[in-house]
Amino acid sequence: MKHDFEPKIVAFVCTWCTYAGADLAGTSRMIYPSNVRVVKFPCTGRIDPVFILKAFQKGADGILVSGCHPGDCHYMAGNFHARRRFAVFRKLLEFIGVDLNRLEFSWVSAAEGGKWVEIVTDLTQKIRKMGPLTQFTDLADEEQWSGALSNPELKAVYDQV
Amino acid sequence: MKNIKNTKMELSQETMNVGFIKKVEALSGSSVRRCFQCGKCSAGCPMRSFMDHPPNRIVRLIQLGQWERVLAGRSIWYCASCETCSTRCPNKVDLAAIMDALRKLSWDADGPSKESYVQLANKLFINNIKQYGRQYEMRLAAVFNVKSGQFLKDLMLGPKLLSKGKLKMFHSKNKNLAEIEKIFNRIEEMRKNGDAP
Amino acid sequence: MSPTKNVLNYSYYPGCSLHASGKEYDESARGLFKALKIGLQEVPDWFCCGATPAHNVDELLSLALCAKNLELADAVEGDLAVACAACFSRLKTTQHKLGENEVKRKQVEQAIDAKVSLDKPVKHLLEILARDFGLENLQKSVKKPLSGLKIATYYGCLLTRPPDVPQLDCTEAPTIMERVLETTGAETVAWSHRLECCGANFTLSRPGVVLKLTGDILASAKRAGADCLVVACPLCHGNLDIRQKEIEEATGEEYHMPVFYITQLLALACGVPPGKLGFNSMIVNPTPLLKEKNLI
Amino acid sequence: MSRIGVFICHCGENISRTVDVEQVAQAARQMTGVAYACDYKYMCSDPGQTLLKKAVAEHKLEGIVVAACSPRMHEKTFRNAAQAAGLNPFLCEMANIREHCSWVHDDRAEATTKATDIVRMLVERVRKNKKLVPITVPVTKRALVIGGGIAGIQAALDIADCGHQVVLVEREPSIGGHMAMLSETFPTLDCSQCIMTPRMVDVINHPRITLHTYSEIECVDGYIGNFSITIKKKARSVDMAKCTGCGVCMEKCPQKKIPNEFDKNLGFRPAIYVPFPQAVPNTPVIDREHCTKFINGKCGVCQKVCGPGAVDYEQQDQLVVEQVGAIVVATGFKLYDITEKPKGSAIKGYGEFGHGKIPDVIDGLTFERLASASGPTGGKIVRPSDGKEPKQVVFVQCVGSRAREKGISYCSKVCCMYTAKHTMLYKHKVHDGQAYVFFMDARTPGKSYDEFWRRAIEEEEAVYVRGMVSRVYQKGDKVVVMGSDIAVGVQVEIEADLVVLATAIQPRDGADTLAQKLGISYDKYNFYSEAHAKLRPVECATAGIYLAGACQGPKDIPDTVAQASAAAAKVMTLFSKDQLEREPIVARVNEKFCVGCLACKKVCAYGAVEEKEIRDRQGNLIRVVAYVNPGLCSGCGTCQATCPSKSVELDGYTDEQVMAMLDTL
């Protein structure tokens, strides 16, 4: 089926769980929309929020961040730190006015090929309905976003969480 | 007898009737101690809802030598001897046989449930064998109703069965009835001499 | 190949009920065996086996009565055929217990003043039909298939329990009644209460109990879509058939479910005239059902 | 880097069926930096790999992208091939166009576009890849074992038998731990001392084991392969080199009435003593707290009677430094003490059992000493209060354990079994006695364990009562136990002569302090945490440190020994190479930018981040920065994502690499 708008989805995944889960979807020959582009990390703990901004800026319409289930992190607590970090980050995105529906966090284990397919499919459909994201393509310098809280307003939000 | 069902159990070597445990084990040919109270016997017992102590608790009480508590309940007289418990027990506790043993012990002792209808029916049944060698259901029912004071019980069934030819009004005695009597007498004799339980 | 003639001969212990409330069981069994050319000779002067009441309160008496009956049966040629599930259970239990317990055997021998003999195989009619005679032969003997009849086979307690005594069939999932009945082309239903107790022993003393238990059994058979019940025990029959009206009154459920002895239906299928099968002795009238299915 | 080779695999038809591989190769040739691109039927086959190697040489390739299956499948294969062709293996990456593309999409055009995108991303990534060299760390092939219970002894013997040096540090004057205190042991009922003491002797006689008893860990430096351990040897007051173990000193010491801890205070010992006759080493120590000489300078008898002149009142605590490559922690457990509420602990104690003030209410270990042939009563079971033989003994399980209200929610795992054992030992010794056990569950998951418990009931006729005890009180010379039998549904009361409480297993006092020294983690009860409950049950998250025995969680002897041998095997694996080689995916700090906030240190689960002082030539401290110990870093990258000043980078997953990939979007 052809759609009017084919969004660009970027998935940031950890190598141990979600990447392996996506592999499983492949070995199981499950079919899902081809919109997603996967970027592999050792751990969700490595995923810097800046990458998300960069991806939005480069034209991603939706982003998925996915790693191991809580407690299953290959590196013990990486996904836990990631979770905390993204909780803060969501507040910031909200503050800027990004529709948080474009950013999905999930846990997909190496055994959950089906779940991977489900999440990617749902996200793709959701973003199709939302249409392209334009406000970010002209966002200036992502380096500002490395967590240096120069803006007092942002700092206030950060401290609050 | 006072209701001892909920009273505190004081356990000691004196209050735990070990002789009773051994007696039940000997009569039933089944271990009592093996039971680990899983409750599977009670789970499948068709009579559980009519009993005060569920079957597993009966075993538990025997384990603790609490004969009086067993006697104080009616459970043993509500057991239908269906063998479900013995069949399903994971520990090969032959609870149906234990129930038999308990009824025998209660039958021998002066237990509170001596007057139970079940016991009466059993007694009449056995008497029938002694007198006639075989069962005559009509007589059994009639005598039971008279003795239990329930004259009108099953009043409607009788004629119906008669009309269907299901109840014999008359019965012939077995030719070798004397043999039967001898068996009864010998058993009585053996018990007197302590040769049989 | 037609069944070999007269090679099967049995001694026969009918038991008290088959001479009274279960007489149609006796009649139909004899009719069936005659039709199949299986010999059946009643043990003379047999006694009551003591049934449940005896072992209930006096195991020794119970064992002694059965041992005496086994002794009497020895005088008649052929394995001992038993129809009543309770008698069957008592006789088998006696063989089992006396076989493994020397003390008990000695006591019983003293009580009956004779050596107990445990060698004669005791067989339920079902066993004879399914194994000795054989399902294939049985199928070949069918003259009037019972197709269209949906049957709930009721085993009750004593045919299969406890596991190491009757050894008639698997204790928890027996199929012998189904296998035997299916040779006639009848359909057996899968249902939940095949093995539940009917409360036989309490029919006199605690009819309320019996009503509850048999009520559950009838309800289960009805749920499974059965037209009728089939039993192999006069005590089960007594509770399910004779008390069915009461159950209907007590529960407000309508059943009208005829309760056949397995021999009645088999004999019918093997061409024994219906008039000889005691259908009119049954409390729940089976005629409408049998007519509806074109079986009489 | 601008000479990249791209190899597109058909995977038979697995890829080419849905992805137009030639078109992808064509597109790849247009990508910046790509010097060569081709497609081939089976890249992983020998001819495929040869093709790759040839291309490297012919086209002078500096980087490689193999677009094929998942890197989880063949990354190693192609990196090896790259290495064989003379390239740094970390300059070879895989583009997953099978599992993530051809197998999961059915539209050929879409799949081809996606495959091209994936290849483009990987090409950009490889352009930013750097040569990485596997990290090597030298390994000191010498192990430290902390704790000389059965766990420590087993681990030490296994490692030493394998040919490595072992340093065993034990806090008490003798090794042996709890197992030396037990009478007979479930499930076989063999005598504990009989199987334990030979192992203790093996330790002291082993040429490769250095034993430090009456010693503690003072401080731990270094990392896997290279630890430096400072051990405090407490002053024994007896020169181990001179003492012959004759025991005269102990005999002559006038201070005789000191409660013997080893016998759970049931017997007495002198001020100069060995904890028990089979102690290893068999050298006494002076208990300075109780020795008259140390209290008021008056006695000195032991020194006078000692032939070899071994007694030395002047001896001082001593610090010893040992270099080791691996550490096994085996510090064992202690029993929950119902007598007191420890300060600052959530433990509540048992007021309803009299807070341990009733003399004939004892714990399981005390019962072990009573039942032990080498115990204070020679194995006769008697009541502490009057020395009489108890005829009714009540055992109560789960005291302290599984009682959230009291402060512990876990199951102590061994008490069900040792209580069953106790009822048997009791029955064997007091034939006319009756044992009762109050219990909630019987937890017997071990080989032959349930059978053992059933034997206690069916053969030894212990009366088990399912239900707990509410109160215990003294009534005359009896101890009344008020409980309930939930199977019967009534209260139960027993007038007992002796009550034995199966109290909870807890970590040793000071377990947390030791953990902090070692840099290992522990749970809220102070049990040490394994790296992964299922897959790495004997390793600590901190590399090079391993766990054995009850210090990690309640455990019986078979489990303890199994774990100890497993820990030893892990140590031996580590020692099997002279150099520890690891993937070079580790974090590095750029000291120029690091502001020393140490946010990275907080998030690192491996304790890999350390503080590093930057000093000028005069040695003045300029500032503190973070330093990542490559021996400890496991490459998760959490620090990098956390660092607010972008001063730490994870090799192989640098910001530059990721950004380059994102730039292709």
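Order of writing sets the labels: A, B, C and D. Residues in every chain begin at 1.
In this text, a residue touches a chain if its C-beta (ideal position, glycine included) is under 8 Å from a C-beta of that chain, and two chains touch if they have at least 3 such contacts.
Just so it is clear, the model here is predicted, and its values are computed rather than measured.
The distance from the centre of subunit C to the centre of subunit D, with each centre set as the mean of the Cα atoms, comes to 67 Å.
Per-chain Cα centroids separate subunit A from subunit C by 72 Å. Chain centres here are Cα averages; for subunit A and subunit D they lie 36 Å apart.
If each chain is drawn as a node and touching chains are joined, the picture is a simple open line.
Every pair of chains in contact is given here: A-D, B-C, B-D. Put simply, subunit D touches subunit B in their complex at residues 391-392, 434, 436, 442, 454, 457-458, 461, 463, 465-466, 485, 487-495. Contact residues of subunit A toward subunit D in the complex are 8, 10, 15, 19-20, 22-23, 25-27, 29-34, 37-43, 45-51, 54-55, 58-60, 74-78, 81-82, 85, 117, 146-148. Subunit C meets subunit B in the complex at residues 16-17, 19-21, 23, 45, 47-48, 50-61, 64-65, 68, 97, 101, 107, 110-113, 157-158, 161-163, 171-172, 196-197, 199-202, 204-207, 209, 212-213, 242, 280-283. Across the complex, subunit B meets subunit D through its residues 5-13, 16, 31, 33-34, 36-37, 56-57, 60-61, 63-64, 66, 69.
Contact residues of subunit D toward subunit A in the complex are 70-72, 96, 98-101, 103-107, 110-111, 113-114, 117-118, 121, 531, 541, 585, 603, 605-606, 634-638, 640-642, 644-646, 650, 653, 655, 658-659, 661-663, 665.
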